[in-house]
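We just call them A, B, C and D in the order they show up, numbering each chain from 1.
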Amino acid sequence: MKFTTMAATVALAIGITGAQAEPVKVGMITTLSGGGAGLGIDVRDGFMLAVKQAGNPDLEVIVEDDQRKPDIAVQLADKMVQSEKVDVLTGIIWSNLAMAVVPSVTAQGKFYLSPNAGPSALAGKGCHPNYFNVAWQNDNLHEAAGAYAKETGYKNSFILAPNYPAGKDALTGYKRFYGGDLAGEIYTKLGQTDYAAELAQIRASGADSVFFFLPGGMGISFLKQYADSGIDLPVVGPAFSFDQGILQAVGDAALGVKNTSQWNKDIDNEANKAFVEAFQAEYGRLPSLYASQGYDTANLLLSAMAKADVKDADAFRAALKEADFASTRGDFKFGPNHHPIQDIYVREVIKEGDVFTNKILAAALTDHADAYAGECSM
Amino acid sequence: MIRETYLNTLTLGLFVLIPAWALMADEPFTITLMTRAAIFAIAAIGLNIALGIGGLVSLGHAVFFGIGGYAMGILAYHAQTYTPVAEWPFLIDGTKSMPIIWLVAVIVSSLAAFVIGSLSLRTTGVYFIMITLAFGQMFFFFTISWAEYGGEDGLSIYLRNGFPGLNTLAPIQFYGLCLVILCLVLLFTWRLSKSPFGLALNAARQAPIRVETVGLDPTRLKLIAFVISGAITGLAGALFADLNRFVSPTMFSWQTSGEIMIFLILGGVGRLYGPVIGALAYVALEHWLGGLSDYWHIYLGILLLLIVLFGRGGLIGLASGRKVAHD
Amino acid sequence: MSFLLLIEQVLNGLQFGIMLFLMAAGLTLIFGVMGLINLAHGSLYMIGAFCAAAVAAATGSFLLGLVAALAGAAAAGALVELVVIRRLYDKDHLDQVLATFALILIFSEGTRWVFGSFPLFLDVPDFLSGPVTLPGGIEYPLYRLALIVVGLLVALGLYLLISRTRLGIQIRAGENDREMIAALGIDIAKLYTIVFALGAALAGLAGALVGAIQSVQVGMGEPVLILAFVVIVIGGIGSIKGALVGAILVGLTDTLGGIFLPEALKLFLDPSTATSVGSSLASMAIYILMAAVLILRPAGLFGARA
Amino acid sequence: MTELVLETQDICKSFGALRASRNISIGLKAGEIHAVIGPNGAGKTTLIGQICGTLKPDSGSVRLLGEDVTQLATRERARLGLGRTFQISSLAMEDTVLQNAVLGALGAAGNPWRFWQDALKDRALREKAESALERVGLQDHARTRTAELSHGQRRQLEVAVALTKEPRAFVMDEPMAGMGSEGSKRLTEFLDELRSEAPILLVEHDMDAVFALADRISVLVYGEVIATGTVDEIRSDAAVREAYLGEDA
């Protein structure tokens, strides 16, 4: 692995020439058991790949499983802060867990780097100087889907999402950039697995396109049933139902579907190529967008460690804010509320040999920031 | 074999010694874990009154745990955002004061227990188990879509609520508070089990027709037991929310009901200290097994199976070699 | 809302209900004969789906996958019965709930350990994919029609099994009078294992059939399990007929409630509030139905014993 | 005619095609023991169920102390003064003998809504319970767990629990069943005294006890009272001999 050695050398060089090396302790709380463990495992593997490549002896990572339960996540956060005395926390996948953990750990003066969840409350009024989101604000991918729908000329979308806060944010985000009429707007049950009734409504609605946000198993079920229903409308959705882990379970039903993502494995830059190659070599599977987010999170942290001592909170915060690392997404910078300003792409699901994956079609939004930055004062 | 009394004393001793050690060794997280155990114990003591003494197998106690939690969440959320809880028929403000929150939690969960109990007690046996489960699911789905209070995301309370004269943010002080409540609840349950009401309820579990024949109404006895039980579990819910500074619909999920039941059965149903020992053991297992393997649920499952199959009377039964709790 | 759409939605509710019946039939049979509450029934559903997905992926044949689901779930059921369940018959409901809850933990994490954390792929077979046009011009997925037919055939098969065969006589004897079984010289232990395996096979079949249009993943069994419990409680525990009626009632309530409640509320509320409140009510609808049935008929619609 | 303490007027009860009670009218006078006898399946348990309130008659009425109690629940009849013992012991088996007796006293006091003081230390309850135990001869077993009592002792405890309420009328369902001859004899003597306190409707298989105790006997066959009368009248009644005593007339 040419890149690995190179990165290690670079890290070593920084370690020698950079600021005095005060060890940094990172606590990762993520979902490693039960339903939804796939996402946490990807984030962890991406993160640890970057840590391994850096070979920085001053970085210590403690990983714990939150079982996707908010109370466990809070308990683990207490443990990380009180017992392990970590400097930085990261790893949470789900918005509700993030809402449970982030405000309290940042209030205690710790840094939190979000590798996945981006609830609007933490981007707007509830923003915090010590909270950095390295993935996206929750609305972002939906906004890109709306922008894509507008650009493609859809005039009458049928939109659906589960009946919970992230679902409502999703439909709001889509509508924010879409601007056309709605043939229907449905909130489904969280965890619903049968969409026959919704499909019948879509068929009868006279829509010209369908937008859906149904993360995890819900999306798999919806896509399979959609393909089988014979409805022939174009579908667009955020990347969550089309990531590498899930696509193989959806199969042919996903082929050709357009989805929006801030990352794909074919984004053309050095860092990304090296990441995709190294990830496959290390774990024997293609990386997902979650893995890329974990990887970027670790590299952001490493870049800040090279510039400042974590005990000097102001300096370290400034170093994080610079986002001086080679992101797998290409250009990456933080907005005033410490959320990403980045390009978001439209991808299409294709089949490479036996493996379902995505290819990038075009950018849907460039240098896109989130809608809540204005409400943030810090 | 250990005498049950010694075992009980030992357990209470652990609730004092472990945190004392943690305080000296500067291990605040151990105190957090012990707080968790104490709160779970209170929740399970609540269930024990309905299940252990009254024989009501409720798979819906998460309802009361959740109501207690949301009582705290909603009141503190409004206090935190300086908005009133209600303006009509009269102005109700939020609060960050624990005693008021507890009072509200107890009252609201008692009311809920009264309504749920009145309806559910028309059924018996498996039907009772299932109708309590159904009420739990209703509350779960309701809170998931209750957008004002965060829906599935739940509510975050940034600072722990206050108690006059204490700094509740210090883990040991909050723990002390929970321990005192645990002891009070234990004392109350102990008195209750020996009281005329406890005597009649105990008989209503074993021989309802007998209670009826002496001129008492077993259904009303069970209903009141269910209300008291719900109130105590609701109080535990409010404390749990304050421990986490967070509430979410997970508190209402049927798995939560199952877990409360597990604390109780792990320790020993119908025994005064059963829920306390069970909760302590569960938190310890969760902590140690969780550290050993990502697949720790397998070990937990096997352990539970062994206890059900071979250890009637829970851990207390195993340790004391006695199957029946009463003497 | 047009009449045709209504018919289509009724079909959807029916199909959902019939899949629930496959789950509920096994549960209610096991309760009726052995008096056992089996929370781990959802795990057998999951095992069926995973067996089907694994075998279908290896052989490319959906039908072989179905066979594997039946065999795998039945084998898992028989194994669990022999090792654990038979020790629970004499215990009270509380112990049964706890022990089978423990089994869920073991099965779920065990499956994740074997198959990993990502969902598995299982698709509708080619000869059943795509929609067909029904009389009246409704376009309806062929696979869902097939599910309705298969479900009804299973219901018929169960009816014949119980009313016409020797095993059926034994099962009925077991439901009515446990002492009579012994008097008839029936090997109770064997009968129980067979009934449990039969219930497990039905759950596995449901898991595989549904897995083709849903997501095959760890934890897929629990939501269905709860619904199946709602079904048998509404129908009356122990009654197969009750399970069928209850399943269709739940299927229709859930499907039609999800559509009509938001529409109905739009008459009083603004559209987005109506959608939101309506879907909240819809997700609570079947539990409200169940509570209502139990309050009016504490032993369910067809329940014999209270 | 003396006022009847307890009576059924023309009660009927059917289970499907089975007519378990056919126009049964029997009465219990103050100070008497009225025995109801009949072969298995004659409808004795159904009759008791209707008198005590676990079953509702299809028609007819039940009167207690002159009041129509047909629509009242078991516990309400109990409060009016109906004391009952069961054929199959239905005591709280895990509890002690004293606890069971205190439960009876508690029912008589009518207020179980006290959650703090110790029931066994409540003087009024305890005295009532202990005196009842003493009367049936169980005072030495007060601390014994009920499950550990012998069959006969459980019968005695059943009677003691009923006594705590100082009832106005007793209904006893086979109190002698399972007792040894010594126990039967003692209980017979006890019931003999008890009748002056409150009359007893006695359903019993033990014919020696019935003939020794009863002032009047009603014979129930196929849900119907075929004869009512004094011991001598019943002994000599041809229909009874044929239907019940199994002798050819």
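Note that contacts are C-beta pairs under 8 Å (C-beta built on N, C-alpha and C of every residue); 3 or more make two chains touch, one makes a residue touch a chain.
Remember, it's a predicted structure, so these values are computed and weren't measured experimentally.
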Study note, to complete from the structure: Per mean C-alpha coordinates, the chain lying farthest from chain C is D
Review point. Relative to the centroid of every protein C-alpha atom displayed, which chain's own C-alpha centroid is closest?
Key: B
Exercise for review: Mind checking the centre-to-centre distance between chain B and chain D? Centres are C-alpha means, answer in whole Å.
Suggested key: 43
Check your understanding: For chain C and chain D, what's the span in angstrom between their mean Cα positions?
Key -> 49
Check your understanding: In whole angstrom, what separates the CA-based centres of chain B and chain C?
Key -> 32
Check your understanding: Where the CA atoms of chain A average out and where those of chain D average out, how many Å apart are those spots?
Key -> 76
Exercise for review: Specify, in ascending order, the residues of chain B that touch 2 or more different other chains.
Suggested key: 141, 144-145, 147, 295-297
**Study point:** chain D residues counted as touching two or more neighbouring chains
**Key:** none
Point to revise | Multi-partner residues of chain A (each touching 2 or more other chains) | key: 33-34, 37, 163, 168, 187, 189-190
Review point. Name the touching chain pairs, would you?
Key: A-B, A-C, B-C, B-D
Point to revise | chain A to chain C touching residues, read off their complex | key: 33-35, 37-38, 41, 163, 168, 185-191, 193-194, 196-197, 200-201, 203-204, 216-218, 220-221, 224-225, 228-230, 245-246, 248-253
Point to revise | Contact footprint of chain C on chain B as seen in their complex | key: 51, 57, 59, 119-120, 122-127, 129-131, 133-135, 137-138, 141-142, 144-147, 254, 258, 261-262, 265, 269, 295-298, 300-305, 308-309, 312
Exercise for review: Can you check the complex and tell me which residues of chain A touch chain B?
Suggested key: 32-34, 37, 64-65, 69-71, 74-75, 78-79, 82-83, 95-96, 99-100, 103-104, 107, 119, 163-166, 168, 187, 189-190
Study note, to complete from the structure: Note: in the complex, chain D contacts chain B through residues 52, 54, 73-76, 78-79, 84, 86, 90-95, 99-100, 102-104, 106-108, 110-120, 122, 125, 161, 164-165
Practice item. In the complex, go through chain C and note every residue touching chain B. Key: 31, 37, 84, 87-88, 91, 93-95, 97-99, 101-106, 108-110, 112-113, 226, 229-230, 233, 237, 276-277, 279-280, 283-284, 287-288, 290-291, 294-295, 298-300, 303, 306
